[in-house]
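Labels A, B and C are assigned to the chains in the order they are written; within every chain, residues are numbered from 1.
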Amino acid sequence: MTAQLAQMGLKVDNFDRIIALAGNPNTGKSTLFNALTGLKQHTGNWPGKTVTRAEGGYEFQNVKYKLVDLPGTYSLLSASQDEEVARDFILFGQPDCTIVVTDATALERNLNLVIQVLEITDKAVVAVNLMDEARRKGIEVDTRSLSRDLGVPSIPIVARTGEGIQMLLSTVAEVIEGEVKTQPIRVQGSPEYQRSITTLAEQIEQLYPGVPNARWLAIRLLDGDARVQSAIASGEISELVASQRRADVQFSRKMAVEGRQ
Amino acid sequence: MEGSFWILLILLVVFIVAVFFLPRYGILSRWQHYQKSVEREALEDALKYIFDQEQQGHYVHQDALRGALEISAKRIYSLLDQMESQGLIQHEQSQIILTENGEKLALQIVRAHRLWERYLADEARLPLNKVHSVAHRREHGMSSTQIEELDAALGHPLADPHGDPIPNAAGIFRPHEKGTNLNHWEENTPGKIIHLEDEPPLAFAQILATGLKLGQTIRILEKNNQRIVLTDGENEFTLAPAVAANVFLQELSETDQALRDAIPLTALKGTQPAEIVQLDERCQGFTRRRFLDLGLTPGTTIYAELENAFGDPRAYRVRGTLIALRKDQADDIWVKPLPQA
Amino acid sequence: MTETKQLQPQDVLAMAESLRPQLGSGFRDEIVQSMYTEAQRIVDRAVNKGSKKKWDLDQRIDRLVTSPIFGLPIMLLILAAVFWITIVGANVPSQMLATGLFWIEEQAANLFTSIGIPWWITGFIWHGVYRGLAWVISVMLPPMAIFFPVFTILEDLGYLPRVAFNLDWMFKKAGAHGKQALTMAMGFGCNAAGVVATRVIDSPRERLIAILTNNFVPCNGRFPTLIMLATVFVAASFPPVFSSFVAAGTVVGVVLIGVFFTMLMSWILSRTVLKGEASAFTLELPPYRRPSIGRILYTSIIDRTIFVLWRAILTAAPAGAAIWILGNINIQGVSLAQLIANFLDPLGFLIGLDGVILLAYIIAIPANEIVVPTMMMVYMGVGMMTDPPSYSQLHTLLVDGHGWTMLTAVNLMLFSLLHNPCATTIMTIYKETKSKKWAALSVVITLGTAFIVTFLTATIARLAGWV
């Protein structure tokens, strides 16, 4: 890999940015994690290999990133233990950007999770991994069409060989800096569902002005998600909004200081 | 030699004393605990019985209650005394009536019971005929926080697996369709079973024994005072009218119509492709959510690719991935065969 | 006081509560379906499936390895091959390591003696602690360094989920999950690792079953015992050319007995204590992938071998010290170790073993690896752990010297297979289940099974007059 990427292994105390790594089980998330951090987390070809949250660091273009490898999940809706870890981190851990790793040979199944992640956060990049396997099987993936339809950048990569990783990292940086504007897709259900979701989402926004994912919270409330219920009842959501603002202020101050130097 | 005998004897005595009198773990304290829980269960069962009778517009007499709870006359007095002193019931002539508090508590127990039934059927995948008795044991002594947690964990279900509505925390039954009693259903009109009454257990067991299931589409072939004969298109079922009164039907909706031509996924032969029509109603809880997550949604194309030596599980190709399903799971997926590609 | 009432969180929750029944129970279905519909539309535009030629190879392999006729034999063959490679490949390096490490011990001990350090310090450090370490390293390192990479190749290829698929019918009957086969396979390396691996089972009941029964799969620390017994008592009666195959076959046989008890215990557990726990089944069969050899070597050697070895070393050093002390403190001319062994003898006899073996198992609670050396120490009456002499000498020592019979060998294999988990595994079970109850139960059921089974075989063998 080129000089722009420096693997930092477990040194993650001093970082500027947090990146979450989400994805279906067995899509090569851990391989990408290892390639970026230089760590050697074990990867195996069976679903559910990574079951705890692993953390590592890398430096790219002089910015230090902390990378959090979330457990592989099919969805964020079923509330199994690993799904809750992943969901909670994307929602409450407030990563600066979420990379959703997908398997190019089974995109249809993988996009279900991508769409769910995009409901929670608009700071996301889709990494279309295992492009070599796809080529071997004669599958062609048009990532430009994918980016256009999803409303977030999607980058073809081969995590095993490092192909496309530079592109992925610079895109992540651009999304964080706001140089690339994202406009995630929102799935429209039938009209009566849409109506209930909108009504409830409006109330949530009224309750917690500035909450970034009111629509998603509304969906979860209607679905009867115990965790989201308690987060709304206890005001945890408003803290989320507040700390988001604080982080933004801190960051722009830091940029101002660095700019003067 | 003499010394060691005494030491052993003392140790033995200490041990026996400990076994009996140890706080919390000793036999005595366990017995007390057990006694208390038995009393509490009797009280809760009594509340539920009175509540049920009141719902049906009957008033409860002490003897009827005693018969229902199967306890002695002496115990029924002390039980009723206790309930009255706790402000749960009041007597009006010889009738027992629930107070507002009593009704609240009764509703909470009904709620706990039906939530447990939901849990046992959906998450523990217990057969439907075992659900009631296990839920009956678990419903007792739950705090309202525990009940709320159970409700939230199950995603606030509206009805128990028999189709009975679950009251919400405020004790209000959510609106639901109870359907038409089988005895009043027209001959030869197809209908969907939406409710199977689980009380009395004997009738419920008879219904289950015939093989009738919630969500099944049936029509009446023959109806007279002795028996009612039903068919689901393949099998015939015969019920006594008294038992049939516990089966409730509803008219078919559009999806139900589509379901009539569908076959379970297990009936799909070889690598014949098919389109998923619906996940069966009886498949709920984590299994249903996981099916959806894996992309087993209506309209999806699916075909069997690998078969185990014993035919169970089979692996199916769906949305480009290979998913193994057990036979009892694949039975819950209704498909419509497509022409061979 | 303001005119408009401030919106409260409860209001929002109440709103959700009132909307929910209107949507009915199909809300989740509806959301997921619309997401998948969208996903399908996007993929239709972005993906060109092209020719389907390459799919066929994967399918053909799948058809073969899951075929009704060849599936199970292929699996057993692969299993036997892995053991055979491990046994044969580890033999020579083990000998060399032992020779080297014990040579160092001798030299160091001589050096200590020559500069006048008291015998008990030399003995404690070199013949106690160091010898414990040397034993564990020379016995464990070579098999692990071979077993783990070979096993990792199977793992990376994607073969293990096919095993789960092939065996699920069996697990289903036992009320367990096919993925338990995966966690059992991990257990061959280390039961603690197997217990951690049960996280892939996403249903609570089946996961607990997998945790509580993982110990019925013999781990790396127990293989040396099994291999030794298989070689000395079973393979010895075959021509030398076949002996390694017979030994591997015997080990596979023992593993199958372990599988039998796993099934039996799973069946019992799912119908008793675990009845009513949540249950579900999903198993995805991922496409085959070419393993990358470099990474396999790295992960299996650094992550697994060194990790497991380090843990063994940490427990072997104090155990070595304990053995030395027990062997060197004499009461009326008999070592403490011998005294305890004599005390345990009646119980040992009852289950077809003897007191020495039981003592070895008690000392080996932290790590199963040191069972054999402890036994040797007490048998040979030397105050330190001993490198076993050659297999024929061993046979003479055990059979002629200490009255071992085929029953002793068989029951020791069974006991080694079924007895309680090592301390690390028990700790791991506690951490994974967050419950002392389950950790305790894991000990009770394994130890109980071990005693009952060995008692039965011993009694039956004696009544039938075989021994």
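Basically, a contact is a pair of C-beta atoms (placed from the backbone, for glycine too) under 8 Å apart; a residue touches a chain by one contact, two chains touch by 3 or more.
Quick caveat: nothing in here was measured; it's all calculated off a predicted structure.
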Can you list every chain that touches chain A and also touches chain B?
C
Going by the touch criterion at the top, tell me which pair is linked by more C-beta contacts: B-C or A-C.
A-C
For chain B paired with chain C, centre-to-centre distance based on mean C-alpha positions, whole Å:
40
Can you give the whole-Å distance between the Cα centres of chain A and chain C?
37
Among the residues of chain C, which are close enough to touch at least two other chains?
20, 28, 32, 36, 40, 202, 284, 286-287
Residue numbers in chain B touching 2 or more other chains?
155-156, 286, 289-290, 292-295, 319, 321
Listed in rising order, chain A residues that touch 2 or more other chains are 75, 77, 80, 105, 107-109, 112, 223-224, 229
Under the definition above, what is the set of chain C residues touching chain B in their complex?
17, 20-21, 24-25, 28-29, 32-33, 36-37, 40, 59, 62-63, 66-69, 71-72, 164-166, 168-169, 172, 178, 202-203, 205, 275-287
For chain C, which residues count as touching chain A in their complex?
7-13, 15-16, 19-20, 22-23, 27-28, 30-32, 34-36, 38-43, 45-55, 152, 155-158, 160-161, 182, 196, 199-200, 202, 284, 286-289, 291-292, 295, 298-299, 302-304
Listed in rising order, the residues of chain B that touch chain A in the complex are 149, 152-156, 286, 289-290, 292-295, 319-321
The residues of chain B that touch chain C in their complex are 119-120, 123-126, 134, 155-159, 168, 174-175, 279, 285-290, 292-295, 297-300, 305-310, 312-313, 315, 319, 321-326, 329
Complex contact set, residues of chain A against chain C:
25-26, 40, 42-49, 51, 75, 77, 80-82, 105, 107-109, 111-112, 114-116, 133, 136-143, 145-146, 149-150, 160, 185, 187-190, 192-193, 196, 199-200, 203-204, 206-207, 218-219, 221-224, 229, 232-235
